[in-house]
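Both complexes below contain chain A, partnered by chain B and then by chain C.
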Partner chain A sequence: MTGPPAYFRSSQLARQQRKVAYLLLAPAVIILLALAIYPLIYAGTLSFRVDPLYNPKVARFIGWRNFTDLFEDSRFWTSIQLTLSWAFIVVVIQMVLGFLLAIMLDSKIRGSGLLRSLILIPVFISPVAMGLNWRFIFEPVTGLANWILSNGLGFEKYSWLSHVDTALTTLMLVDCWQWTPFVALILLAGMQSISPEIVEAARLDRIRGIKFYIKIVLPLIRPVIMVVILIRLVDEIRMFDLNYIMTEGGPGSSTLLASTYDYTIFKHGHLGLMAACGFLILLLINGVVGIFLNTLYRSEKAARQENIS
Partner chain B sequence: MHPTIYSRALFGVAIALVFIWLVPVMWVILTSIKPTNIINSAVPVFLDFDPTFDHYVEVYERFRFGRAMFNSFVTVGVSTLIVMIVALPAAYAVARMNLMHGDAWALAILSLRFMPGMVIVLPYFKIATFLNIIDTQLVLIVVYVAFGLPFAVWVLRGFLLDLPKEIEEAGRLDGLSWIQIIFRLIMPMAAPGIAVTAIFTFVFSWNEFLFALFLTLDKGSTMPVTLQKTIDLYNVLWGSLSAGAVLQLLPMILVVFLLQKHIARGLALGAVK
Partner chain C sequence: MKFKDRDVFAYDNAQKSIEHERKGAFTRRRMLKASAATLGATLAAQFAPSTVYGDVSGTIVHFAASGKRLSNTLVAVKPLFDKVFPNVKLEVVSKPVSEALTQINTYMGSKSSAFDVVSADHAQFAALHAMDALTDLGPYLKDSEAWLADYDEDVPQMYREMWNIPKGPAPPGFIAGLAPDGNAMMTFYRKDVFDKAGIKPPKTWPEVLEVAKEIHDPARERYAYCAAMARNFWAGYQYFGAIVSWGGHTFVDEPGGNFEPAMSTEEGFQALSHLVELQKYAHPVTANAGEDEVNRVFGNGTALFSPLSWGTAVLNDSSYTDLYREWNMAVSPKGTTPNSDHRALTGGFGFFLPTWGGNKETAFAWSKFMNSGDREDLGGSPLIADAIVGAGGQLSRLSTLKRWSDRKPFFNGLLESFPVCVNSSPIVPEAYAIMGAVGEEVADAVNGQKDVEAALKACDKRVRRIMDDGGHYS
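Up next, the complex of A and B:
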């Protein structure tokens, strides 16, 4: 992180500039206090109340009841478990495929720029619009997926999204389709910021191909990798749109991720319970991010000590 | 460096892979101009059909998609504008001024971006119901400002940190006031960064679904919420769906092509700095 430019460090100007700086920051802070922090606190108070959507008159404070109710609900635990394994599996797949994709696109051949912008398309298009269309592709009778699988690979026609054993995998496939290019593009930006001297030195040492990427590039872009993992983890834990659009948690609760579970509580009109569940999702995100950063910090510390000794 | 046979082969694989990757998108576009009987044929038809724009008319008339497009443009456009007006001074303050704990402020603001929507949407739902602004463009504008701001401040900060440190000094020696320094020196230099940030903010809100689902029903609905009505208990209209989807996707695909280079840089900045 960098300090302020010299201009603002110079003597008596500094204090005056600081006042201006707070003035410039103030609108953003006030807006966020009003539109993000206040709702968060409001949601906090709601989580201790019973507050039926269709019968607001009986709303009242009930202490920790919402939380204990959730802890006793097996569907809640199933969804939390599913969310954690979902996030883990999907992020691992996206990172590995993203890295390979980035290697393929890390080229100076003419046309690679066009390829890079083409592969960006999935990242920028709406998960809802694509999710609905994926349902068409996976449609059992007229869908493109079944046609390819049965004609090309000899599979039986199958209703991929309405069977317990394949719905989750299909959803994972679509999610990875959308987000692997995002991972690849950020890793690629990291790769291309590696200094030419290092690349040249590796070439002289005859380190080439996949070995070059694993031995030289991977350690150098480690910080970028960590940030991408973090972004993807958070987004996958709070995943809602694709999940809701493609399966709504079904069949049964085989694809019921935490946010979609929370949505079903809303649909039943239990607003207090919904707020409590929302907070538990927030807690889950904080927990996972905390554990991730902590392990990262420790492994970095260990690596540094190894270097010293 | 000449491309070796190895790297040429790899590039060939990359071309094939990207093509396969985009098949679903091409399929959507193709489906949107197919007659209904071709869409529903058990054997997929690729190019052998008479193109039609019936589905575009259908999605416009039956699902009032024109209104949804208008809502999308208004809510996302206005909120993006507000976000940029507020985020720019804030980003300048945390990046280039003598603010105490500037980085801490930036991180605190950024952390708000990682809140799960499910926590925040309920208070918005209650307040909007109370104020009777549910199902309006206004409520979505407010939410999109709140959710666009943290990311915009963070990315702009990255771009502003990238500018040489001597700009302010040079401006002062030329006798410019700090307002003049910002408008005459910093803004023009940061223009690409400002544009990229605005586009990212726009894209996030353009594709946003959760808040739009909770806070709008019909007359305030944006395109993503309207789209799902083509495939529900009462309708399974794949043609309307794909036509609507194309209208929703097209601006984003244009963005990708027009701004390819800047986007990669913006993505990297948002993630790395």
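Up next, the complex of A and C:
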């Protein structure tokens, strides 16, 4: 075990410095304890209890039953399956479109500066306000989407959000509309941090066009890509606001993502079950992030060894 | 018209309300609230209360779901109240209805003292009682015998008793709330469309299907049927409204007894099967609609009929829809089995005084004022009902419903439904949890994600677990 040297530990100055250090740390520790650790422990104990919001008098310890109830609930598994599919599909679309958008913005076309500012607008809109607007746009009879489709393009009107087969896809579309520009911007920053010497060398080697982006840019901005994927994955797995505002998990249970499912449990007043579900979602996020980081670490290691050999 | 100091005071208060609402953005919601305050102030100019309680002072905070029917009616009556209690400051705090009901439970569960009066849905009262959140209004009403007699005579007994929770866990005679707001699930139909087709509002569920088939015209964007089928208590209410009309119940021996769920029965099957069948003629929003979406498509003329819809005066409001004269209401349909009958689920919002609130006497005075009828000798005035109706509210007093019924066909629907009304939910603290669980299964069934039998079995299983957790079987 290492630590400060003995003369330092024993000196009065060191003691005072330690006191100051503790004092400076205290606010952060108190805030962390009050706002993160305590609620987490409380939620942990709650997940082993029946604790109805509507009748606190019957609250009691029930062991693992909340968890077994969730495991036996087909709706829970459907919501987990939907959430994972949602996160995977949406992140893939955002990454592909974001990359293409970043290439476009990276080119020296006229007005690209203005375009960069404009495409960021969706990112800054509150998901609640955006969700409400999109709900009106996709309204089956009077919505703008159907008006354009029927009057402008001659298609039949369609119930985008009211049909079990298309409600989730429509939500995905809106989510991609909001977050693809964010992905594009980060990837663009990564592209622009590539050394001009490398770009010049590639040009001299006649590596141009798509080949340039695949062979040169992609490997160089790989760490940036991984960070963006991680951020988007975590965000998408815990998706709630857009889902709740636009469909509340319906029609039926066709868009019931895990966080919305958990909130529904809260709305019905089952606090213990809600806490258990919250913990399982937390485990899911940690699991996915863990697998992702592990894969990333292994591939980085393999790439480094390949370079050395 | 001669204005007095009290009129100026009422205008002044209304003006303050409007200014308060204008802070920030001038949204539609704020505009409606400001216009309710203006309406109240205009009525207050004609109001000459027989008694003024200048010696009573303090602040009352009233929490209610926002909207024309709920918080805006409070805002509209406030200027009248201000003239009777000039030194009492009344603040109305409101939240959107979709969140307000859960928030009331959360506030009361945490024993919040933030509110002195709360408007809560009937289905919440047993839960609120289980939280010890309700104040018995009996002692406060002791000195108001004549007023209470008038209230008892004017508000239908069945409806009144919902707020007394006599069948629930409270001691007999416990008056938990007073309800100025009346409501029932009823049939909504476009009179012009029905007249043109030469059909009458259906009286039975098989007739409902025939009517829907007859008037359905999707090619012209005129969908026969619409109902709130969102996957929560909205769909739950649709199902409960249907099952009671077939003679079924939530529980085997409702009311009371051992609370054994009874939805997977012949009555339950008939009820849900008819709702599933109706989806063929449904407006597209039906699949995931709450009450707001339903009213919107009724208002814009793309939906023509609903056998079961929660009442709202908005469809007879010319500022909401051009079709305000065409929307008529009738009592909801019945099944075709021997136990079937017209049974209207009844709900509505009542005022309660939270245990932890302050200014109980003054809060009660406000609650009583809002619930007063036309009789001026009892501290009431016809202007109170006028303010409530003018702001977009709906009433529980028969006399005031009748007075307005020629201009509001919806009130005729209420008058027709009140005599056959039944509780919208069992009087147990678990009412909302039951509605929510059943609503999820019903929504899955009407959207084709589960067959009817599987959904009903799931309803029974989930409700049994909820009741078991509530200690009803031990």
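The definition used in the following text is that the second predicted complex is superposed on the first by the 275 of 309 C-alpha atoms of A that agree within 3 Å, B and C clash if a C-alpha of one lies under 4 Å from a C-alpha of the other, contacts with A are read in each partner's own complex, and residues count from 1 in each chain.
Just so we're on the same page, a residue touches a chain if its C-beta (ideal position, glycine included) is under 8 Å from a C-beta of that chain, and two chains touch if they have at least 3 such contacts.
From a predicted model like this one, the values you see are computed outputs, not experimental measurements.
Taken together through their common chain A, the two structures put chain B and chain C in a clash.
In the superposition on chain A, A:V141 makes contact with both chain B and chain C. After overlaying the two complexes on the shared chain, residue contacts for A:G252 are found with chain C alone; chain B is out of touch.
In the superposition on chain A, contact of A:Q305 is made with neither chain B nor chain C. When the shared chain is aligned, chain B comes close enough to touch A:L24, but chain C does not.
Judged by the touch definition given at the top, the superposed model places A:S195 against neither chain B nor chain C. Within the superposed three-chain arrangement, the count of touched residues of chain A is higher for B, of the candidates chain B and chain C.
Of the two partner chains, chain C is the only one that A:V164 touches; chain B does not reach it. In the superposition on chain A, A:H268 makes contact with chain C only, while chain B stays out of contact range.
Remark: of the candidate stretches 58-66, 94-102, 166-174 or 202-210 in chain B, the one overlapping chain C after superposition on chain A is 58-66.
Looking at chain A, you'll find residues 139, 141-142, 266 touch chain B in one structure and chain C in the other. The touching residues of chain A, counted against chain B in their complex, run 1-2, 4-9, 14, 17-18, 20-22, 24-25, 27-29, 31-32, 35-40, 42-43, 46, 101, 103-105, 107-109, 111-113, 115-122, 124-130, 132-137, 139, 141-142, 144, 147, 177, 181-182, 185-186, 188-190, 193, 209, 223-224, 227-228, 231, 234, 237-238, 240-241, 244-245, 259, 262-263, 266, 271, 274-275, 277-279, 281-282, 285, 289.
For chain A in complex with chain C, the residues that touch the partner chain are 50, 52-58, 69, 75, 139-142, 159, 161-164, 167, 247-254, 256, 264, 266-270.
Across the complex, chain B meets chain A through its residues 1, 3, 6-8, 10-11, 13-15, 17-18, 21-25, 27-28, 31, 39-44, 86-87, 89-90, 92-94, 96-100, 102-103, 105, 109, 112, 114-120, 122-124, 126-127, 142-143, 145-147, 149-150, 153, 161, 165-169, 171-172, 178, 203, 206-207, 209-210, 213-214, 223-224, 227-228, 230-231, 238, 241-242, 244-245, 248-249, 252-253, 255-257, 260-261, 263-265, 267-268, 271-272. Residues of chain C touching chain A in their complex: 102, 105-106, 109, 124, 127, 130-131, 221, 229-232, 283-288, 297, 300, 302, 429-433, 436-437, 440, 443-444, 446-450, 465, 469-471.
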